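Heads up, there are several structures right after this.
Below, chain A partners chain B and then partners chain C, in two separate complexes.
Let's turn to the complex of A and B:
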């Protein structure tokens, strides 16, 4: 009786000492919110993605709907960002343009991540001649002028969204492959992987449970910097006239048109450029914040 | 071929038999371990000393079966597991656990202290989440880490605490043998003492057997009943550690022991003369003919340049690989 009681108190004491553990999501959240730059970046990204995803609901007009009674109008209550030379609502077109930009940005990044992880992880894992062949391939692709390759691909295969996406991803996966390879190499030779092996963990457990989580940080950061880079590439293509076929709205196309009428109708440039800047800055800030977050040394 | 000086009553927990490990390098073959036989019986801890490059770490990697030997066999609990697949090896791995030199880099940085400690249980699928949690708390108490660190991450702890966590993790599977690879050398001296005290207590309370790799002879004398001295991939002297310390027979062992600075009543023991420590160590990829120690040995005679000495039993029960072991000790 007495012993049982003391045992209970020991266990109670133990629980008290252990305390509650903040869930990993909550810890991530608190770390993110403490980093003001990352928080601002996250909000900007959220806004952009929200506009792109819900473009159909948010936009007051249809993107191809021309109104010849209100050409080149400045911002007003009915057209909050003004209209373009065909009388189409700019806010609507920006939302849909964001959608294309996001599809290319995220989609190309997804392709890059998939190819990069496969190539990088395989190279790091197999080592030897496999590593050599794959990394020389990566070097070769990296030495191509990437914008030229994208232009050639789009010219050859047509100005549609999937082609744009692949054209952007065609050369930029090499960066990801390098990051993944270096991360896997770094983690693979750490002592905790040896410890895991001597514990008797299987290769699959080692990869999924120890290598990937610890290799994740720089990869996530590379992704968050890769997305705005892809958006830039896509806008660049549009700017030289290789954007998506009209009438599908595209931020790059809108920027290049707005730039022609900058003196008479400046809002036609300011709107698309402003939104584009928000998108790019948001991802860059977020990437910076994530980099700080994943830095274990400074992690608290 | 070579038998340990300790005749076992039952099968030894671990036996390394004629282990040879050869690495191919650009500068030629490197013989990291050359025909090494050691065995560890329950309750008789083994200390392995030797300078860096003597093959200690390779020997331990072979024992962990992270490296397979080029030649020779690894026996665990009377079974030859040398060529076992990872899957068949798993139950054997439980019996020997490992504490690395640098505790921080050997702990999983993405896991809390409790998760780290109970990870071996997860890997072996022994218990559910609740049991693992309890076991982690229990082990933390056993090795003396405050439970307030339960949810902390390894980088938030000091070196000594990290080493305690590493020890707790190694104990999670209730192993028979704990391999400690320079387990205290990266710590401050005062922390070293704490960890050594802990290890001594665990040895007594849990009936553990240690394999202690170190270049600190005093630590080995404190922890181990048996001692093996390695030099360039060979065991040059092996025996009861008290006996080896009292009466070292191989000139290399003698120079190691003589090089320990110790306090005497009125100062520090003088360090050995140049002749005992002089000479250069030959490259491991280009060993001379005959005894590997010939370049540094003050007692080397003509036979040492011709013939490699074999481990032979001496009068005091030690095994020594030296042609002039007896005369050398007489000369001292």
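Let's turn to the complex of A and C:
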């Protein structure tokens, strides 16, 4: 049956063929949507980001609004995920908590990507002692226990969102730098780089228009796995009490509080953890799908 | 008139951790505008290295000495920025594997117009017009539509044509073709050769054709330079290739071309392995160890002996009058 299908697509009419090759983005998109797991991941990611971005509109209450007549409640119509020990609506707090998680997750990844791409690309493109110095720096940073560094940074500079973001990014850029370096090294020795040089392309043109687009696949995958890792790191900091200052809601803080009352009020743990799981799984599934999408060996 | 490309005493050495590689050793070459020459040699003979040195595209561990004059300017002395202005515009290159020499993430239209954009010769829109015209000239059907295709959507022969068109887009004076037909079928190879030759004549370009195939070289070039171990063994006009050749190496090469007709006899070949140019060179002739005409004098490095204006050979045999093949 497979054979018949491929034959059919070969002899299919011209419009179809042209349509199919209309753009590589569309082709990639169709590969992504055909991958069930990646699609589910994308939907989960979309849901999480949607909740975080539109927290003001979606949430039924204000996040600091306490209701002392309804403490420690389970799910009900008025509080769909229940309330905490101060009677604050958990769904509302989760939405706002997602906001900080997403800011740290995406923001740290952005910092990571910028620094990682610059360091990795420079090291690979220049080679020689530049490569050596930069990569030894990367090794040095990678050899520190990253969680400890983040803790020290947050303790020193305060428990506010930008610091959390930097604290998470401070150590995780090294992985990105390594990925970028290996990709650039691979692409750099291809013949089309030589050909581009023979046409008079400058170094900058070669990096921007030849090397980066061809090195993109693994970098995109690394980004999609990096975001949940950053979220985990941020939640980890909160869990040990170094999260964002209250009353700003934070998923990690909520999980650590819920964990203390797990026997008496399990809903206070289930809500935040459930949403956090959705966020992490969503990005991981999506990352898996992207990896399949860019993997040329698994084409067809 | 000064030649378009004049190389004198060019030497290229590669330094690696372990040893020094003597890739090209004192090469002289000249090419007039509107003419075609071929550099023929086995793999490792330094034939591609010569042209990469002309384009200044060798790796940083190469040291180049000598002179490479393009239109009177020594390109080896130019700063990198000035060199970049020459690449693609004054001299362009066609590579062996068109498939891997094209950026897989860009449509061929976007790639083809790049030399024009790099050298600020036209707007993207005008450049696309030129690209369409050129694709038509090299025989790609539906050029306007094909501009939007990616390299993997072409066949090998077509891609080589696209590559040729891309090299020509900025109207270079010198076209260097580095084994452009080696990866192609024999029939497609012939088509591409005829195309290259035709374009070269029409445009009055200088063409340097690098190949390991003597038959191909004889088809395309006016003059043939035969290289071995980084030296030019013999320089000969293509028309004299079968009648006047002198050097035992070239003779061996010609004889080892299989013939389709005639009785099936054992194919003559040149015994031994191509000389290793890593580490050092022998004092005498580099070919001496494989040569069946070797004699005492071969312990000295042979000088270039001129036989006629277009014919010179570096072999002691040529000294005492030419023995005809």
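Just so it is clear, the second predicted complex is superposed on the first by the 273 of 300 C-alpha atoms of A that agree within 3 Å, B and C clash if a C-alpha of one lies under 4 Å from a C-alpha of the other, contacts with A are read in each partner's own complex, and residues count from 1 in each chain.
The criterion applied here is as follows: a contact is a pair of C-beta atoms (placed from the backbone, for glycine too) under 8 Å apart; a residue touches a chain by one contact, two chains touch by 3 or more.
Not measured: the values here are computed from a predicted model.
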Exercise. In the superposed arrangement, which partner chain does A:205 touch: chain B (first), chain C (second), both, or neither?
Worked result: both
Exercise. In the superposed arrangement, does A:246 touch chain B (first), chain C (second), both or neither?
Worked result: neither
For this session: Mind working out whether A:60 is in touch with chain B, chain C, both or neither, as first, second, both or neither?
Result: neither
For this session: Determine, under the contact definition given at the top, whether A:194 touches first (chain B), second (chain C), both, or neither.
Result: both
Exercise. Which of the two partners, first being chain B and second being chain C, lies in contact with A:213: first, second, both, or neither?
Worked result: both
Seminar exercise, completed: On chain A, the footprints of chain B and chain C overlap at residues 18, 21, 190-192, 194-202, 205, 210, 213-214
For this session: Would you pull the chain C residues touching chain A in the complex into a rising list?
Result: 55, 57, 84-89, 92-93, 95, 97, 100-106, 114-115, 118-119, 145, 149-150, 153, 163, 166-167, 170
Exercise. For chain A, which residues are in contact with chain B within the complex?
Worked result: 14, 17-19, 21-22, 190-192, 194-203, 205, 210, 213-214, 296-297, 299
For this session: Over in the complex, which chain B residues touch chain A? Could you list them?
Result: 64, 66, 86-87, 89-90, 93-94, 97-98, 100, 102, 105-110, 112, 114, 119-120, 123-124, 137, 146-148, 150-151, 153, 155, 169, 173
For this session: Sort out for me which residues of chain A touch chain C in the complex.
Result: 18, 21, 24, 190-192, 194-202, 205, 209-210, 213-214, 216
